[in-house]
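First chain A sits with chain B, and in the next complex the same chain sits with chain C.
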Partner chain A sequence: MTETTAPILSVRNLVVEAVNASGPVRIVDGVSFDVHAGEVFGIVGESGSGKSITMLAVMGLLSGRTRLAGGEVKLRGKSLTDMSREELRRVRGRNVSMIFQDPMTSLNPVLRIGNQIAEILEIHQPELSRAAVRDRVIELLSLVGVPSPERRYRQYPHEFSGGMRQRAMIAMAIANNPDILIADEPTTALDVTIQAQVMELLLEVRTRNRAAMILITHDLGLVAETVDRVAVMYGGRLMEEGPVEEIFSRPAHPYTVGLMASRPRLDAAPAFLYSIPGQPPSLANRPSGCVFNPRCALQNGREICTTKLPLLDSVSTAHSAACHFSREIDGWIGEVVTADRNSMREAP
Partner chain B sequence: MSIATADKTAPATHRFAWLRSGLHIIGQSYSMMFAAALLAAVLLLIVLVPLLPGYDPYTQNLAVSLAAPFENIDGRTYILGTDTLGRDLLSRAALAGRVSLLIGLSAVIISLVVGVFLGLVAGFFRGFVESVVMGLADLQLSIPRVLLLIAVAAIVGPSVVNLTVLLGLTSWVVYGRVARAMALSLREREFVLSAVTQGASATWNIRKHLLPNVLPQMLIVGSFELGQIIVFEASLSYLGLGIQPPLPSWGMMISEGQQYLEIDPWIALLPGIAIFMLVTGVQILSQAFTSEGQFDLASPQKGT
Partner chain C sequence: MLRFLARRLTQSVLTVFGVLTAAFFLVRLAGDPSVLLLPVEATDKDIALLRSELGLDQSLPVQYGKFLLNVLQGDLGLSLRQRVPALDLVLERLPATLELALTAFVLGLVLAFVVGLVMRLTPSPRLRAAIMWLAFIRQAIPVFFFGLLMILLFSVTLGWLPSLGRGTIYHLILPAVTLATYELALYLRLFNSALGEQQGQDYVRTAYAKGQTRTRIILRHMLPNALLPLVTIAGINLGMLLGSAVVTETVFSWPGVGRLIVQSVSQRDYPVVIAGVLMMSLVFVLINLTVDLLYAVLDPRVRLS
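Take a look at the complex of A and B:
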């Protein structure tokens, strides 16, 4: 296991606040995780759970109405949160780089693809000659599987298909051999047929560059296939974290259980699709105690859930969950899901 | 992989493709053809006449003063006639055109550079910088431009360079406002965020990502402004605060000619017609560059 080595990226008690008219709202609350060398770390959670904002905070890109209110981010032992703007700017794109969800909007429409990829080299390696930059860009383009890279170099984004654009974005992200790639739903905006190709490419270049990767997604299938360790986020907090096999086979948090149960299954008709009752909490008036308690079926009216905030607590060596009753989960899972299916069956 | 490689036709790579497509668009509408003809006539006048021998704009000959157009005196035909001092109006109008166009283009470039710079900086950084820049713009807009020009020209004294710089510095507001408005929306675009995550600094983003996006629009604004500036220059010269004799200018020629309107109206009319032709030509043709004109500079596949 990778546990013995020091983590490349270490996030401790990250707190992000959004300031609105009625005062600051915690949108990320006490998030901690480690990413080790060569590992693919997944962050899953529904929209608004704070996945993307956590990553922006890691890169020091909070701006406007969001601000870092606490916590520390360390990259290879160096604190990113203490760095000056200029130091941080040098880290971005060289040590950490990011791939965004929508390649249609993350490329500048009036610049040629080649020049856009060249940018990241020009920023971080200004000593490179024009010819060297050009050669490297063409090499990168062919590396990410863009055919006839010399010709493609001179084309504009509108002449690229969605998949090709995301390949160009990947080329950009790996241009400086970063330690960590952050991929924020890299395949969400693509056709299903292209998704698999792009994901495969992403994993391939990652392995080649020996970079760690953080994959932000809400696609549980993707997580199961590609990720080593996974963290589940809900309402700005980490609910559960552990090796992917364990999370999928033995989830220790009722929210994770709900997520797993709400996937469509091959062995059941879609009519039996489980859904977690209720809605995600408004972060402005967060429920007291556990954030998940108003929707939690395991709670059963127990008082501790509404009074005491559960902290991440280890369930097994590498697996931890933030639930007061994670020990009870095993007996409970089957019960809930079956009950739900039965109720569905009775409905007309 | 093969799915995504479907090749779209590459844009015409011929070096003069832009010229051909430009001519094509002009050929599609009568107003464009009219404008192009006007502009071509003025440009021919400006470029060719000073090259002809015997057409010196400064030679005075009182014997032939106030000749009418096409009047033949002593075996020489004065195509556009002469002024009170007997100077050939054709060559004077041509030289004046060169001066006007030079001043107009330089002033447009100055104001474009200043305006785009201030606008982008204001729109990208927002906050205090934005308040200062936009305050400055409002301040300038609150003073009538001609009045401002007259006042400043009277203080710094008239010269070609002063006039150009003055016209340039008083016209930046249009560019500044448009550039700022565009920067406000561009800075929120994902490609800017993406560049920031790659380590791009603010200056880098403004230069590499905002500038190329606003430049086509700025050139369109500039082509509209050119006509305006030429008229402003003519007005200032007419008032005696612009070009100084003996250098001719269309505005000055009109002011010289107005005293003789009853005897020889051509002296004032000809430079007026020249201004009209140049400005109308530029204004109508500049519409070809807007999206309605189909020669859309703002979209790369057509513009480059």
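Take a look at the complex of A and C:
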């Protein structure tokens, strides 16, 4: 994908703990991945799988009851996890930017939009004059497709629609030409009609700035369209990781298979929607062995799944999965699909 | 904005009318003043004469109607005791009350703002807990009792400050501090929790993600948002402060409207009581209007609606 082989962002064995009344609970457990220059890396998983927390840990933004309990994050070879608070602060907003899920609450309601975008320039480029900052903000606003930016500059967030606010957030995120953009479900809170526009814009500005991007989402359709490589998270662990075409065509983890089967499809009866049986795990009482084993149909009562933690292991060159029985998947997918069809017949 | 103002003004007029009505009927429940006004040896005929002179022999609705007509013409009647216009008596005392109440209010609010902000900027959980406990304890002590404790310590035991009357700045210190510490405790607790509430907001996380420093996030982002509830409560409370001032004025013999009202009630000097209550309610209504306008300045969302 790129000429440079060294990754822009490298995460190794990241562990995040949440402290609650009964002691620390691992909510992110040994997550590792690399993001290369210019690529879009997707992280998918259901709510509570630890996607967002992983990203907050990368940004050094864990707060309150969560803390980094292990692992390393490197940006262009420099360790972010070893940095002082002050050094890390200088990286945030300059080298790494983040776009959050809800543009309604992510902007300060009492400050003008223009000033909120200007702020990120003032922090990291204090040498810029007031006029230069202002010009740059107006340029950014028009770049992200906000009409009449001079007038919009002086407006407050409540005078912006949801889509426009997210555009303003994107303008803010790309203001300092960061190496990497982290977008945490950037379109989830928006109207469906606006979602596509905002996503298109995000990809466009990313290409223009030659930034890498991490896209966190639970929208598999979005992943298929926009992402180069994808990681699947479940219960705070990575289940599978690889090029997006491979994950979609040859998933190597039973959870991924279930996730794919759960998509609403245009070619199937809309009355039936497959869902993975069972509930997401309680992380305070993490299942022993593989975290997915209580819900796994491939396990078939085999002991190793409840005793031994499966590690990410390569399935092909760039594709790896954390399952003891990845090699059985090919034959097994048929069973899920059959079960799928059978239930469909039962549906009215 | 104009429509908003017009609506608030109408509400204010109705409020004042309500206060007048309540005051009129309440003072009449206190008893007949003519008995207290005349010497003990006065005959029934003397009493009847005085009653008709004061209009007390007429039915209550008639009295009320006459009263309203007079008020509309700006006439609140003569003091029954001193035979001078009741309004003049009140206006004469008003500066003293405003001096005390405003000093306490400004002192309490400014101190709460400074202490609350410093507490947030220098995060020592122990220091914060200690200050909040002090505030809690102060808030639990009634104003009159705290006032007596102040007199006991600073006037009686130490002899540093005068305990009664008004005149020099030294006379102001004890009553103002008594009231101000109460205000301080209230506002500090409120301001502290308002700031704490902002801390978990998404826009604060955005500001951190931008690389902004903690100090500037508190000052630039959290502070303006935390001021909104403070202004609201401060406005409502400034009115209540006038009520507390009545007690404080009595404890410290401060010659203000509050003390005048209390004295007049015991003398059944109705016109003065009503004039005093009217004055207090006018001040209260005026403060509330100001707060509403201030709110619109602070919060851009209010400006539009």
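Everything that follows uses one rule, which is that the second predicted complex is superposed on the first by the 338 of 348 C-alpha atoms of A that agree within 3 Å, B and C clash if a C-alpha of one lies under 4 Å from a C-alpha of the other, contacts with A are read in each partner's own complex, and residues count from 1 in each chain.
The criterion applied here is as follows: contacts are C-beta pairs under 8 Å (C-beta built on N, C-alpha and C of every residue); 3 or more make two chains touch, one makes a residue touch a chain.
Bear in mind the structure is a predicted one, so any value in this text is a computation, not a measurement.
S.K.: State whether chain B and chain C clash or fit side by side on chain A once the two structures are superposed.
M.R.: With chain A as the common anchor, chain B and chain C collide in the superposed model.
S.K.: Counting only touches as set out at the top, which of chain B and chain C does A:Y156 meet: first, second, both, neither?
M.R.: both
S.K.: Comparing chain B against chain C, which has contacts with more of the residues in chain A?
M.R.: The partner with more contacted residues on chain A is B.
S.K.: Is A:T193 touching the first partner chain B, the second partner chain C, both, or neither of them?
M.R.: Only chain B; A:T193 stays clear of chain C.
S.K.: On the A-aligned overlay, A:S97 touches which partner chain: chain B = first, chain C = second, or both, or neither?
M.R.: Both: A:S97 reaches chain B and chain C.
S.K.: Quick check on the superposed pair: does A:P109 touch chain B, chain C, both, or neither? Answer first, second, both or neither.
M.R.: It touches chain B and chain C both.
S.K.: So, does A:L181 touch the first partner chain B, the second partner chain C, both, or neither?
M.R.: So A:L181 meets neither chain B nor chain C here.
S.K.: First (chain B), second (chain C), both or neither: which does A:G145 touch?
M.R.: Touch partner of A:G145: chain B, not chain C.
S.K.: For A:M164 in the superposed arrangement: first (chain B), second (chain C), both or neither?
M.R.: A:M164 contacts chain B only, not chain C.
S.K.: Could you tell me if A:I120 is touching chain B, chain C, both of them or neither one (first, second, both, neither)?
M.R.: both
S.K.: In the superposed arrangement, does A:M59 touch chain B (first), chain C (second), both or neither?
M.R.: The answer is both, since A:M59 touches chain B and chain C.
S.K.: Of the stretches 6-14, 42-50, 78-86 or 240-248, which one in chain B hits chain C?
M.R.: With chain A aligned, chain B clashes with chain C through residues 240-248.
S.K.: Can you pull the chain A residues that chain B and chain C both touch?
M.R.: Correct list for chain A: 59, 61, 89-94, 97-98, 100, 102, 105-111, 119-120, 123-124, 156, 158-159, 169, 172.
S.K.: Spell out the residues on chain C that touch chain A in their complex, using ranges where they run on.
M.R.: Within the complex, chain C contacts chain A at residues 200-203, 205-213, 220-221, 224-225, 298-301, 304.
S.K.: Can you list the residues on chain A that touch chain B in the complex?
M.R.: Its residues touching chain B are 59, 61, 89-94, 97-98, 100, 102, 105-111, 119-120, 123-124, 145, 147, 151, 155-156, 158-159, 161-164, 167, 169, 172, 193-194, 197.
S.K.: Please give the residue numbers of chain A that touch chain C in the complex, ascending.
M.R.: Contact set of chain A toward chain C: 59, 61, 63-64, 89-94, 97-98, 100, 102, 105-111, 119-120, 123-124, 156, 158-159, 169, 172.
S.K.: How about chain B: which of its residues touch chain A in the complex?
M.R.: Residues 1, 3-6, 8, 10, 189-191, 193-201, 204, 208-209, 212-213, 216, 300-301 of chain B touch chain A in their complex.
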